[in-house]
Amino acid sequence: MDYCLLVILMKYEVKDEKKDLLSEPIKHIDIKTFNAIPLIEAFDHMAFQSRNLANACKIYDRMLVDKDCSIILCLAGSLVSAGLKNIIVDMIRHAMVDVIVSTGAIIVDQDFFEGLGFQHYRGEVRVDDSKLQKMHVDRIYDTYIDEDDLRVCDMTIKKIADGLPSRPYSSREFIVEMGRYLQKNGKNPDSFVLEAYKNEVPIFCPAFSDSSAGFGLVFHQHERKNNYLTIDSVKDFRELTELKVQSKQTGLFMIGGGVPKNFVQDTVVAADILGIDATMHKYAIQLTVADERDGALSGSTLKEANSWGKVDTGYEQMVFSEATITFPLLVSFAYHKGTWKKRKQQKLNQLFQ
Amino acid sequence: MDYCLLVILMKYEVKDEKKDLLSEPIKHIDIKTFNAIPLIEAFDHMAFQSRNLANACKIYDRMLVDKDCSIILCLAGSLVSAGLKNIIVDMIRHAMVDVIVSTGAIIVDQDFFEGLGFQHYRGEVRVDDSKLQKMHVDRIYDTYIDEDDLRVCDMTIKKIADGLPSRPYSSREFIVEMGRYLQKNGKNPDSFVLEAYKNEVPIFCPAFSDSSAGFGLVFHQHERKNNYLTIDSVKDFRELTELKVQSKQTGLFMIGGGVPKNFVQDTVVAADILGIDATMHKYAIQLTVADERDGALSGSTLKEANSWGKVDTGYEQMVFSEATITFPLLVSFAYHKGTWKKRKQQKLNQLFQ
Amino acid sequence: MDYCLLVILMKYEVKDEKKDLLSEPIKHIDIKTFNAIPLIEAFDHMAFQSRNLANACKIYDRMLVDKDCSIILCLAGSLVSAGLKNIIVDMIRHAMVDVIVSTGAIIVDQDFFEGLGFQHYRGEVRVDDSKLQKMHVDRIYDTYIDEDDLRVCDMTIKKIADGLPSRPYSSREFIVEMGRYLQKNGKNPDSFVLEAYKNEVPIFCPAFSDSSAGFGLVFHQHERKNNYLTIDSVKDFRELTELKVQSKQTGLFMIGGGVPKNFVQDTVVAADILGIDATMHKYAIQLTVADERDGALSGSTLKEANSWGKVDTGYEQMVFSEATITFPLLVSFAYHKGTWKKRKQQKLNQLFQ
Amino acid sequence: MDYCLLVILMKYEVKDEKKDLLSEPIKHIDIKTFNAIPLIEAFDHMAFQSRNLANACKIYDRMLVDKDCSIILCLAGSLVSAGLKNIIVDMIRHAMVDVIVSTGAIIVDQDFFEGLGFQHYRGEVRVDDSKLQKMHVDRIYDTYIDEDDLRVCDMTIKKIADGLPSRPYSSREFIVEMGRYLQKNGKNPDSFVLEAYKNEVPIFCPAFSDSSAGFGLVFHQHERKNNYLTIDSVKDFRELTELKVQSKQTGLFMIGGGVPKNFVQDTVVAADILGIDATMHKYAIQLTVADERDGALSGSTLKEANSWGKVDTGYEQMVFSEATITFPLLVSFAYHKGTWKKRKQQKLNQLFQ
């Protein structure tokens, strides 16, 4: 009989192990440092998703040329933890985006979180998750977050809420306050919540409580019992519809699908219901890995959105490839084209003052 | 030279063409009429997604056996327009679900819409969407909806809102009112908004305004100027957390991903932040086509959720296959097992009275 | 400092551990034991992939009705190791298929392998693969194979080759010899290589050496130095084109994509090049998870194949869902419809005698 | 009643319409004209597929550094029609690849085809395929091919076969003859069949007849009746195994999956069966959109391949993103790193002379 005797002797210090796990911070890509124009121009003569990406680049540049167009950036997926944050910061700084509609996690757990001085870390996919859980390390695919840091973020939201008058807020209004907080207390200038605040770019989270903000706000309401602030999701929709109505033309730049994609498309219908004749979104690009075959919204084609009267045809393109690769290329192309130099900040937050 | 002269003479009546397009209603599958047990038991000895589906069936049955367990059904994707509505109605009728968390479209545009007597129709994928748009026909992959019917649905939401006191509502509270409306004015008994109302099953929509409800509520607020009702998404989160805390154990039955998946998982953390020691979700199954490779939430594994302390390990299973096929099989299995016969309606809406 | 001292003492017998790993054989589903007709008829009034599956069922039944039609089954993916083998055996026994085109692995490593008395086993996805490797356990996603058994299979192929005259063979001819071998020496009557042999159903493997057969045949040639048999892939193509030409109509039933899908579609063009006026494939269904967006063959649409003059339009349907779930439903539907009762075995191997 | 009278008058010349469709040739990307190093180095600090791509780049560079390593490029998917041809030409010219294993379509219908002076064209996805068919225009997703050109390609294969001695050939041997033909008669210097011929880089097509070559060779055999050449797929496998045995180390660079992926991995086992102690493939990278969940080979993980004793662990990486975007970035990175400058052409075709 083949017996096998195995003795493993392990000694480790738990704290040090956590420190080891959280030792390599995610660094955000800087699209200004490489010029994607030659690559994209080559892609334009090729096929499949490379050509689709080139076409999306051309449509985005066309949005930037069109002086009547307000550009709405829709964000879904773990984009900031993946290292894409500074692209969005740069888009705001260079007047390449006018409105942002996002999932809550991107805004609160990821961007605002980093604005407070915290970081995301390189991790592994194949790992013992229950061990991570014991160390308070949260995993997003191949990245790690220190859960103790996240709790500080939650509590900061509560603190902001505690200092505000008790009334219904749109998520946009509350995110303005988060930007204000970062301007005073932030520890990292590269936050698009902060940058949007400074440039008066409205940010909407149609499902705001579905994030770290939810934790802080639930605690705020729980503690106050009554006389607390509320987040009125109807107000979000009213404000975004107002923005749609005020813009002569609109262009959608969507990363991922989900609620942001649906919400912003619906504004055309909402305007119509209010008796206002708003145009369809004239331009629309989407970077996604979802496809149309399961009938779900995220992968639904922009042609399908045309049947709903939401998106015009002619300047619409889906790119079926993952955003960590395509988003940097797309914005680097547009940045180096320089069309934004003739554009002005639309400062659309001023509409609501 | 080969010249080709083509003359097409078309005469048609627009109204008749629309009627033709909307002539074959979607019929909802009845999982009571076929017994999936032999199929699922065979799947259990096979491989890949068939075996994963069999394991998910076993876990769902285990949730039904566990007397301490509250079962939370999370819905995302165009499930009702696809013919899956009556499965959910049957789950409520037979005490197979205790809480529902859903996207707004499923609740308002699809289920409530059908409760008002409207229908969805078989359509085509390859079609001229701009032509559909002119006829007020909206497309979801291979199904059609009459946009004029949808407007009636929007306005019904407004009417309900107009009749309610002006205060912040959770989406759950408003959906109770929708159920009450259907009981009085509904034209189709097969609506799970109605059935949940009757059986006091709470329904949450964390992004309620991102739906046909949004249109009606925006109109309501717009007309009233002030003194209108609001939808407080924080209240949603507080109430769902309260439900989590009151349940000894919880099991998640997720179709698709998106906001419902994230929202319900977050309740464990929310409870913790309020200083209450809530258990992780003990059981979790998800039917999805998304995968983990793009780092987004919808395809994130249930193992990953364990690192966040949200989902326990041991009884969790993802089935990577489309829900129009897997959902009927799964619930037919559980229905014919009959475990639900020993279960009682938990009537969790009573918690909030 | 929190030191943690961990001592693990493990004693195990390697052979027993391997036996444990290989303790739960995959069992093949029997589509005769459940009737999928009610389910599929419900699917026909629904949407997305359930309706596509229902339409594929109707097209397959139409192939069975059409007396002029030869039905060609194309197989790719680990179908036999997943428990789908007996469906194919039943299709042959009940005259529901006339020609098979397959990857080598399905024919040799999986079906012939089981015909020799070996089995596949339930396994795990998340496992230490290097440990498996040391134990001679091969993994396919969540199934295990005993590598030592596979070597016996390889050597059996060599033995068959050693006993045959030295000349070029089509894969079809060699697979006939494998069937003959199983009839004499097989240990499991449920093998479709055997069943096809008995019913004179031709089986083609366009990439025959890319399988366990390759190992045996390389050894055969290596040992002989010269005077060995060869596998002429051109002969395969000639023979399959001959079959296409002899059939008035053809219907394709494809599972997965890859070489079998391409090979069989190409026969229409091959006939044309030989100056013979062959019809396009009149019917075509495909069960696959691949999609068209990367331009690769496996996910290319059957409409696209029409541009090549390979597949006719009207009776073609792709079902985008995994075959372990959809294949049993599809064939159970057709089996219980009973259309095959009026069909005769076409015994197409006789064409080459 | 709303009557709508529509009269369309169309006049077009069929030949001109075809010319219009085939007016924009695909242009092949030149990875020497842009430097992907800064982008890839940024990706290395990010997450998801961007980081996986960066890791694959590092592994490929490691293969180029390792003097003992033979680099085997595996090709599947419509890569050449998509504009990726010159990347492969450049890899050969700069000693960045030592062996190629490919599907037949890439070698014959696409590369050799362009070597004869023909081209691929930009096309559309949403198009009337039956109309294309009538015009002899073949579609691959969003590209077009003139079917009349393809027939010339088929007949050229026949002509080459007609001029060769009648004996069994490996696909490698036949492809050498195709390179020889192009050197004399080719009309485009950018062909990797030609470039491989000049640099004595072996090219294998394990399913050679499953391509335009099949058409020509069937015609050759059909016309000759007997005394024709054959393609012995066993010989392919023997030769590739011989190459594996002769190389101290091997690295796999796989684009797509399918037969090439499987075939080259199997050589380790084949060597073992011949009693030769070959090492596992030391390095392995794969660019693919397939995933592991359906158990099929194309998406099977390289960890899984380790259980089979085929691929070593440590230096293996899958990149789940489409190759038209990732392949140019990967090879541009390696090209500009310049490691290839210290490498020599291995000229492995000499092994078989």
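Read from first to last, the chains carry the letters A, B, C and D; within each, the first residue is number 1.
Assume a residue touches a chain if its C-beta (ideal position, glycine included) is under 8 Å from a C-beta of that chain, and two chains touch if they have at least 3 such contacts.
As the structure is a computational prediction, the values presented were derived from the model and not from experiment.
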From chain A, count the fewest steps through touching chains until chain C is reached.
-> 1
Enter the minimum step count from chain B to chain C; a value of 1 means the two chains touch.
-> 1
Counting only C-alpha atoms to place each centre, which chain is farthest from chain D?
-> B
Chain pair showing more contacts of the two, B-D and A-B | A-B
Between chain A and chain D, what is the separation of their C-alpha centroids in Å?
-> 38
Euclidean distance of C-alpha centroids - chain A vs chain B, Å = 25
Chain B to chain D, mean C-alpha position gap in Å, rounds to 45
For chain B, residue numbers touching 2 or more other chains are 47-49, 78, 81-82, 140-143, 293-295, 320, 322, 324
Indicate which of the five shapes (line, ring, star, complete, other) describes how the chains touch one another.
-> complete
Chain D contacts chain C in the complex at 76-78, 81-82, 103, 105, 125, 129-130, 132-133, 137-143, 147, 151, 154, 168, 206-210, 214-215, 217-222, 230-238, 241, 256, 258-259, 262-263, 266, 269-270, 273-274, 289-290, 292-298, 300, 303-304, 306-309, 313, 322-324
So, in the complex, the side of chain C touching chain A is made of residues 1-15, 47-49, 126, 291, 293-295, 320
Spell out the part of chain D that touches chain A in their complex, as residue ranges.
-> 24-30, 33-34, 36, 38-39, 42-43, 45-51, 53, 78, 81-84, 120, 122, 140-143, 320-322, 324-326, 328-329
